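The following pair of complexes shares a single chain, chain A, combined with chain B in the former and chain C in the latter.
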Partner chain A sequence: MAQIDNENTVKTKEQSTATKIKRLLFDHSVPVLFIIICLIGVYFSELPAVFIVNTLLTRITRNSFMVLALVLPVIAGLGLNFGLVIGAMAGQFGILIVTHFKIGGFPGFLLCLLLSTPFAVIFGLLTARLLNRTKGQEMISSMIAGFFANGVYQFILLFLVGTLIPIKNPDLVLTRGIGIKNTIDLTTEYGLKYSVDGVFKYPLFYILAGVGVLAGLVVIIDYIIKSKKAPEQIDKFKYITRMVISGVILGVSLWVIKSGSMLNSVKLPVATAVMITILWVCNVLVMKTKLGQDFRTVGHNMDIAKVSGVNVDKTRTIAMVISTVLAAWGQVIFLQNIGTMSTYGSHVQIATFAIASILLGGASVTKATSGQAILGVILFHTLFIVSPKAGNNLFGDAQIGEFFRAFVSYGVIGVALGLHAWNKRVQALRRQLDV
Partner chain B sequence: METEYVLQMKNIEKEYYGNKVLKGVNLSVKPGEIHALIGENGAGKSTLMNVLFGMPVIHSTGGFSGEVYINGEKTDIKSPLQAMETGIGMVHQEFMLIPEFTITENIKLNREIIKDNLISRLFKSKGLKTLDTRTMKRDARKALDRLGLGIEEWVTVAGLPVGHMQFVEIAREIDKTGLKLLVFDEPTAVLAESEADTLIEGMKRLAASGIAILFITHRLNEVLQAADNITVLRDGELVATRRKEDTNVAELAELMVGRKIDINGKTEQEDDDTDKDVALEIKNLHVDMPGEKAKGINLDIYKGEIFGIGGLAGQGKVGIANGIMGLYPSTGEVLLKGEKLELNNTMGALNKGLAFVSEDRRGVGLLLDSSIELNIVVTTMHVKNKYLRKAGFFDQIDGRGIREHAKKMIKDLDIRCTGPQQLTRQLSGGNQQKVCVARALTLDPGVLFVSEPTRGIDIGAKKLVLDFLVKLNKELGMTIVMTSSELVELRSICNRIAIISGGKVEGILRPGDSDRDFGLMMAGEYRKMHSKEAM
Partner chain C sequence: MNKVVKKIGLPRLIITLMFISICIAAVVLELPLGMLTSDVIRRFGMFGVLALAMVPSIQCGTGPNFALPIGIICGLLGSLIAIELGLTSKVLGYGFISSILISLPLAVLTGWAYGLLLNKIKGSEMLVATYTGFSIVSFMQIGWVTLPFRHPEMIWPIGKGLRVTISLDSTFGEILNRFWRFEIGSVYVPTGLLLFFLGCCAAVWLFSRSKSGIEMYTAGANPKFAASSGIDVDKNRIIGTILSTVIGAVGIIVYSLSFGYLQLYLAPLYMAFPAVAAVLIGGASTRKVKISHVLIGTFLFQGMLTVAVPVANQMFPEGNLSEVLRQIVQNGIILYALTKVGGEA
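Coming up: the complex of A and B.
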């Protein structure tokens, strides 16, 4: 057996650090490119750091949950789930009910999650049924399903409310008695505004310093355990990168705290952050279970999965339902931060923005991690914050800034998908040439 | 007495819509025995296996008659799952592997070992149980060790050589508890000769541990190398069961085909090449084809000859034709009738009158979901603007012309099909190959490259393809460059054969030269030995 030999495995092991870094940069070309663009944008926008960090933090806590909902369907081979829109509608149903019964604050928020869940499960099941019949065209199918669902949603809320569904709440229903109002105010006494964000806030950089220390410790402990168990399998490079990152987090936050700058006034909504972290951890943990392995198997090759006895349709359905429920919850978190709900508009763009974010983070149609989701949110919203101002400063026209903003939100999806296709081709070529 | 066999199939008969495909076949396999099952395509091998595995295709078409005994017990296998539970495993021809997964994950695909965790206990859900990676790795290691495969179990499958992938596939079957019988469905079809040897070694190891092996193949010398007993099927009938000691390749071939085939060397005639025109001159050709790198090939190919390129797999023989046709990046110089050929330009090569029948028939050779007629003319249409009707800016496909040409080709090459409009996916390997050849011929090439023309097709079709190449050469005077791993084939039709070793030409031989020289050249020892003699 030895004569055919493990040439390939040996080769990958003996790569020099330089080629490794080169390859790392290339494999992550999308995030690297957009990190550079972000830095340029931040520089030219001339916005104060406090403003950027503060706005960014709000936007991260507001959007991350929704973006994290995209991870599972990608792993299960369903591509980017444009059906998030449908989940968001479920979330808004929940908000409408809670607002109607005037249950506000944190209990109201929890009830809202609870009430939106059954809607989301049903919507998820229906979407999954559609997607299981349109294998290979999941993305466009889920997108069209979103448009269709939007029509049904409008029909229910504009026409059925007040006629078939007896709601007479003047805060919600239009003056003619039929149909829900265009905007729902969540800032009232019984509103959901800041129901999670406001639970507990703490200065961001103190928390970051703690996270830095903790992350460093985890990396070290992980390394010790792994090196004892199977020293030959360890990728030192990976651990060094991780150490450096946690070091940088710790260093920067300590420096900020020391300097006593305005940045210390930036506060993190801890409850929201905790929810996002829990989801992140769950996303990671689920991949270590049988269900997670099924997701991966189905995602990589449906035929092989079927032959090995995995129930492909069921696995895809589970992924889709989870994603839809998470999208519903994500929408509730999003709206409790915004404070007003645009009944017929809040959900429309949600999938596009979430997908643009995760793509910026380096995910692709076939590969996504929670880390990429979070990184993507940071990059996307940095761009969103700085680009109008930067455009204005560079070209001296506010209109160009506006154009730039629109370009960012839609263009990045195209750019990211294009880069991904190119990347895939290069990788195929590289594999072919055995470089 | 009955229990000495793992598997006994008695008097199996099966018909599809009144068409009898199995006519009373008997098959008995003992534990630890390697039993070869040979026969042409359509002889009933796959149907017999479908019966054994209880495939739905059998039961949905009215079942079969006859009896199947497993370990002496009469068993009625109704589904592949049940077959698996009874201890029958199958190593597929196409790998059921996920490249991005590690070897362990592939071996344990959907049979992952799981353990409880807090949440799974809470919800009593199987899906939420954690994977027990450590035990999984241990099991995988055990299975790999049993095969004598020294690779690490945590490596991803993606980068592995094909031979290793097959072993992973086998390891998966071994890892299933209670495996008694393992069926190999043409396992060596995708392997090179050296890899095939390794596989056979592995099979013997496995048999020695008490597992019975049923080995379905086309390659007769492998049968003799590996099997203890051989069963030959022809047209759904059991022709013969032989012990290895009592038979030889010629007899098996004869039993299988039912007519004598001629694998003797070509009658030697024109030996004198000195005054012949050079059709193709290759100078210092390097081709960067993964797994088949050519590193400085120098060859002169004469007009009107059949030139063979042989050698072991991975030595670079396949790279030559692919490089000249511009399918893989290459450097060097190629002169066609004294004219320089631009490399890395497939269109240019086709325009200059080169045509290529690829070794990757299903991959780059055919448009599997298009009709036969379109497959035959598509390259010509593209390169030479033939079979097109001018209609302003938009050229129309000349349907009638294509149909006529396709019909002629189907007749000339004896392509077995329902008509020119049948999809090529539905054709058998041999007929697909003929379509590929027909397409190359439609180009009316000066030089025809043919790579592995007989790979994966049965022995009868092989002969037809080879005969046809000879006919082309004789009647049309076409220069043919044939690349093949099967030396016997090369020796049966070529005028000269170049043996490639280590990416270079080891030497050029006549078909009549001694086996010793061929063997030495294949092993790359020829030049070494002769340079020593010269000193």
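Coming up: the complex of A and C.
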């Protein structure tokens, strides 16, 4: 009997690996679909690998911080934070001040973060107040709030500067003496361009090889510790996938280094990458604290949270403020890479692109992780890079590729929101039937 | 005092005061009042039908129709097809009537499909609607490039696809404005345009008095009560959505006609927001609306914006103060309305 039992369990375990792979693919159908679309796009764009990797790396380091800012509000049940736009405005205020006082380089960057924080905190508090009054409609409210704030932002910078706010700097102010210029050049001697990216650069694939080795070691050590503690609770499948992933990273980077191809010239801006990694780790760690548990409880069910003594409004406010501050910092990182700030345009599309990215990574309105954010950034920007060229090669018109990516960014948000709303409704109906 | 404010409604009061003060500023600055008045009247008629599209959607319970671009795209397609096929004889209103006739089936079909979608996502209509509108507009960008239109006035002379703006001078541009037009002093009254707008309002008003109109209103105002008294709520929501889409299609045709151009590509992207803001300013909420709200709201909002342009230009010659003002007012009003919904959904 014992033998048979043993065999049975082995069988179910074998099956479960197969079903797990199936489930993995099913649960992550959105990223899988877009990985395929991206690969097709890469193939048809016929762009050289160095170009794609290089541009992609720039775009990843430029945008990831902003997308990571989306994670906390989702967990706290506020949905996708379209109010990133408002945070980005705070970041741009910071940049304007730093540019005005001509403080450039890395100190300028740090000062910029410091200066934009109080703005972002105030904006975050105001947005949170609004969202606490519009529970259940947070996303549309934060979106319209973004539009509204954009109007106020333009009013301040176009009409109050030079009249109420005495700034005379000819680098910033339009020739008529009122209003900030449309584009602010950050490439000057005192500019912020590459103030973080330029701190320390190192060939990407050497770093990746190191990361691969490190990740592999961590997985092995983790496995050994866990297997000593409670061997029967181990999810072997998880460890195998993790090992495979770190192995692949190591293998590919070693192969690139050995082959001596052009790809070795691709360099990673280490300081920016470190900042992104720190934020990623913080996002993970905060969930292990009391505050993180509160976020999760409030996000799951506000009524239950209230009954169990969590201050719902306060928790939501904290999530919103953090997200807004991170968005401000993210915008500074974004613009120090771009090198020119379009005063009235740089922030407008930020939220749409960030949200489309995280959704492509497999997040939903109620669930998001930092890993999904990064994967989403990679996918979204691959699509961004290859689609005009692929559109040109496939349809003979680069415009079609560009329109396609615009459609994807709006469409993926639309579909995700629609599915979420549908799901919410189905669940509500089920609950009604149960009662 | 509080009672009066409550009766008029805070948004309406604020906008009225702004409108009046801007008008006073215009008088003080000695701007040509005759021209301004004509402009206000023209813009009132031009935007009115688009704002009217909000009425059936709010009445049937789906909230303000942020997916107005769906109707707009249908209207644009209708006009394009009418011009392409050369249906621009005098009997067909130089293309005006044929445009509406062609866009009607399109709008009914897409409105029906969109209504089905809205029934699946009750409670989140506004957000999903906004992004449905955005998606359709960005999808149709591909359409404008690839659709097989050949008319030389509509496509780029070199390259592929339709132009960004298509002049209606040779077809139905301004035909309603010129119809029975007259002038009082220097004020120019586009009688046809106003009559058409008021006619549309009357039609919607008559519909809301009819049996199916009252049914739809009940379904929207109190779905549970409606369901228990044997009204098919979902069906009525679809009817409301179809009506709203159709009016949106007609609305953009009237708008383009009075404007003189068809605007393609990204132009329709944000067109729903001014229309929503207009009815909200008129005194509507996301659940209640009357025809009078459309009339008052469109007049106040568009009137204020029209007068604000020259006034703002006098005060700040550069920079687009009136456009900034529009953004603040329009989105502020929508936000205000959203806080009033407050967790009901």
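By definition in this document, the second predicted complex is superposed on the first by the 398 of 435 C-alpha atoms of A that agree within 3 Å, B and C clash if a C-alpha of one lies under 4 Å from a C-alpha of the other, contacts with A are read in each partner's own complex, and residues count from 1 in each chain.
Just so it is clear, a contact is a pair of C-beta atoms (placed from the backbone, for glycine too) under 8 Å apart; a residue touches a chain by one contact, two chains touch by 3 or more.
None of these values were measured; they are calculated from a predicted model.
Visitor: Would you check which partner chain A:411 touches, where first means chain B only, second means chain C only, and both and neither mean what they say?
Guide: Once the two structures are laid over each other on A, A:411 reaches chain C alone.
Visitor: Touch test for A:293: chain B only (first), chain C only (second), both, or neither?
Guide: The answer is first: A:293 touches chain B but not chain C.
Visitor: Once the shared chain is lined up, is A:310 touching chain B (first), chain C (second), both, or neither of them?
Guide: After superposition on chain A, A:310 lies in contact with chain B alone.
Visitor: On chain A, which partner's contacts cover more residues, chain B's or chain C's?
Guide: Partner with more touched residues of chain A: C.
Visitor: Looking at A:301, would you say it contacts chain B, chain C, both, or neither? Reply first, second, both or neither.
Guide: Once the two structures are laid over each other on A, A:301 reaches chain B alone.
Visitor: Looking at the complex, which residues from chain A come into contact with chain C?
Guide: 130, 133-137, 139-141, 143-145, 147-148, 150-152, 154-155, 158-159, 174, 176, 178-179, 395, 397, 399-400, 403-404, 406-407, 409-411, 413-414, 417-418, 420-422, 424-425, 428
Visitor: Which of the residues in chain A end up touching chain B in this complex?
Guide: Chain A reaches chain B through residues 1-4, 6-9, 12, 230, 232-233, 286, 288-294, 296-297, 300-301, 304-305, 307-310, 318, 431-434.
Visitor: Write out the stretch or stretches of chain B touching chain A in their complex.
Guide: Against chain A, chain B makes touches at 81, 96-101, 105, 109-112, 114, 117, 120, 126-131, 147-152, 154-155, 159-161, 163-164, 194-195, 198, 201-202, 288, 290-291, 328-329.
Visitor: Write out the stretch or stretches of chain C touching chain A in their complex.
Guide: Listed in rising order, the residues of chain C that touch chain A are 117, 120-124, 126-128, 130-132, 134-135, 137-139, 141-142, 145-146, 160-161, 273, 316-321, 324-328, 330-332, 334-335, 338-339, 341-345.
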